[in-house]
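Right, I'll just put the structure down here and ask away after.
As written, the chains take the letters A, B, C, D, E and F, and residue 1 is the first residue of each chain.
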Amino acid sequence: MKLTIQVNEGPYQHQSSDTAYHFTKTALEKGHEIFRVFFYHDGVNNGTRLTTPPQDDRNIVKRWSDLAAEHDLDLVICVAAAQRRGIVDDGEAERNGKDATNIAPGFRISGLGQLIEGGIQSDRLVVFGD
Amino acid sequence: MKLTIQVNEGPYQHQSSDTAYHFTKTALEKGHEIFRVFFYHDGVNNGTRLTTPPQDDRNIVKRWSDLAAEHDLDLVICVAAAQRRGIVDDGEAERNGKDATNIAPGFRISGLGQLIEGGIQSDRLVVFGD
Amino acid sequence: MSMLHIVNKSPYERNSLAAAVGHMTDGDTLLLIEDGVYAAIKGGAAAGNLEGKTVSVLGADLAARGIGVDKLVDGVSVVDYGGFVDLVEATDKSQSWL
Amino acid sequence: MSMLHIVNKSPYERNSLAAAVGHMTDGDTLLLIEDGVYAAIKGGAAAGNLEGKTVSVLGADLAARGIGVDKLVDGVSVVDYGGFVDLVEATDKSQSWL
Amino acid sequence: MSDIKKFMYVNRRAPYGTIYAWESLEVVLIGAAFEQDVSLAFIDDGVYQLTKGQDTSGIDMKNFSPTYSALGDYEVNKIYVEKESLEERGLTLDDLQHLVWEDEDDDWAEKDSIRLVSRAEMADVLAEQDILFNF
Amino acid sequence: MSDIKKFMYVNRRAPYGTIYAWESLEVVLIGAAFEQDVSLAFIDDGVYQLTKGQDTSGIDMKNFSPTYSALGDYEVNKIYVEKESLEERGLTLDDLQHLVWEDEDDDWAEKDSIRLVSRAEMADVLAEQDILFNF
């Protein structure tokens, strides 16, 4: 089946991003197609490359980036949610006059239409949140 | 009275940071002393200068920065929580090999001992969270 | 020592109001803020929790949620942020039931 | 159409299990994940919610919380992440009761 | 599967205490352009989103409640509100905004958007959908 | 006010579903160096933090439960667990780790750290504190 995954919470504070990751990875291993992973609300905070988790803990952001690289995953960060929370790529930095970016490899920033499209194009939408 | 304020959640997702701000501002106006505002858990995300909230909405990060400038407030971001979530100043960038910083004016990153000290030195601790 | 019990969540979504009320002792005050203010609506199933307690409600949060003062259970006090600060000062410590 | 109801919060903290159970129809499945797995402990006050329902529980979340399979109410199935994916495929849609 | 899907946005959170209600509404507004068969469900604390008379000036947050009354213009006019959720909270339909839409096929007659349903009826409405959005 | 304050950390959240339990424990460990009069309260879902046999390998998260058994070494040995919270959840003291400390003033005798109290007793314990930490 073709799946869209939605992640509503940031890394570490809630288990949502962890569960979404394990679910997505397992679905891929079972041969399903991930149409898109859409990061909404605080979920956009999964897409910052500035985290330094403790050495003996998992690296949530890197795990997503690696999974995206391995499976050519489409990891989309909602632009409206990202602006409220400070997730910035080059385009956003230029548009909003920011002096730095923090987006992690494998993520891209786009509009809410990408979530709707996920709902239309996929067989299932599975949401992970608080 | 002398107060320490603790903020456990990031901007916009939960009202905690808003209520903490209004409480802190009002306490200052009434002549109380704010020993420290300690940002813990996702609360550390209040200290990023990379947010661009909608024009018709309040700017939560800037409001804290402005209040700090006006009243010489001590806004402390917990270092352990900040590392997990990607809030970085110059020192952290150097220590952890990060290529950008995102800390907002008026905030500083320090250890959990600062919260304990707040508890010892203040007449009251008031916690705002989810 | 007197204690200020702060509840910021709806009693219909979380157990925090019940937890606060279950740990109040004589002289304590309950303060409802944010989504916690819904507990003070007359006729709501959660309103019974407030009986016999000293209860304050943050007015700015009531107004934001469209709750008129006429909708409140009897005996609760409406306070502004200044009143919130005063309650923190008037009690010996606060507990936020997160 | 059949539906997968996903609950990830403790029934003692939130109302999400009650919401899920209250909206299940014939052929639906309830999946407990994360802190939602506490609902499946035998002898817990919330266990009654599961009666008469088709219930799966994520094993990795049970183990993390130290809940042995012998502690579970009768009739619940323990699944791994692969089983979670299979449940999503076997039902027509999912609702996460956040 | 047909070209048009039955989309339902399920709202179970109170406004302002968290942002879910507002960011959910942003999805509904964007989604309206995609011409799907859209419904909204308001269950549990979600019913608080629709209350009349919200005034956020004291908390310095954006009052987004007027947006609900614009949904009819976006052809979003199937708004299911759960009766038991209202009752448990001491609310009635009179506490909610009066949401309407104009029926193009009926000489632009103004019709109610809100459909008060029991929990059992809500379960049936959920069961009919193709996809559920959760926030 | 005396030099030493009665500090209480109030824990009401389950572990792993959210990080509050773990980051609360980090505060307790750091706070132990400040030589205050420290107590911990486990109320409602907080009692789940202390359960035996936690194995997080399947969720790839750090298992921090062994840290609780080290608290005695930090002279954190007043651990109040609420009886009603256990009972409602179908748990007994046997489901929790056996937490102990060694009493320097009693020839290093090993003593129980956990004090099982009723809700009413817990309310009294809270009332005696100088400051409460909430996560």
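As a working rule, a residue touches a chain if its C-beta (ideal position, glycine included) is under 8 Å from a C-beta of that chain, and two chains touch if they have at least 3 such contacts.
Values in this document were obtained by computation on a predicted structure and should not be read as measured data.
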Next item on the list: Find out how few touching-chain steps suffice to connect subunit B with subunit D.
Entry: 2
Margin query: Spelling it out: a chain qualifies if it touches subunit E and also touches subunit F; which chains qualify?
Written below: A, B, C, D
Next item on the list: Work out the mean Cα position per chain and let me know which chain is farthest from subunit D.
Entry: B
Check: Looking at C-alpha means, what's the farthest chain from subunit C?
Finding: A
Note to self: I need the rotation angle between the copies subunit A and subunit B from a CA superposition, between 0 and 180°, in steps of 5.
What the structure shows: 180
Notebook entry, point to check: What whole-Å value do you get for the distance between subunit A and subunit F if each is reduced to the mean of its CA atoms?
Noted result: 35
Check: Measuring from the mean C-alpha position of subunit A to the mean C-alpha position of subunit B, what distance in angstrom results?
Finding: 25
Notebook entry, point to check: Using CA atom averages as chain centres, what separation in Å is found between subunit C and subunit D?
Noted result: 33
Item checked: Residue list for subunit D, restricted to those that touch at least two other chains -> 8, 12-13, 15, 34-35, 60, 93-94, 96, 98
Check: Which subunit F residues touch at least two other chains?
Finding: 13, 16-20, 44, 59, 61, 131-132, 134-135
Check: Residues of subunit B touching 2+ other chains?
Finding: 8, 12-13, 15, 19, 22, 41, 54, 80, 124-125, 127, 129
Margin query: By the document's touch definition, which label belongs to this structure's chain graph: line, ring, star, complete, or other?
Written below: other
Note to self: How do the chains pair up in terms of touching? List each pair.
What the structure shows: A-B, A-D, A-E, A-F, B-C, B-E, B-F, C-D, C-E, C-F, D-E, D-F
Note to self: Considering only the defined contacts, which subunit C positions touch subunit B in the complex?
What the structure shows: 6, 8, 33-35, 60, 80-82, 84-85, 88-89, 93-94, 96, 98
Next item on the list: Enumerate the contact residues on subunit A facing subunit E in the complex.
Entry: 6, 8, 40-41, 80-81, 84, 111-113, 115-117, 119-120, 124-125, 127, 129
Check: Considering the complex alone, what residue numbers of subunit D touch subunit C?
Finding: 12-15
Next item on the list: Name, in rising order, each residue of subunit F that touches subunit A in their complex.
Entry: 16-19, 59-62
Notebook entry, point to check: What does subunit E use to touch subunit C in their complex?
Noted result: 13-18, 44-45, 48, 51-59, 61, 63, 65, 88-91, 95
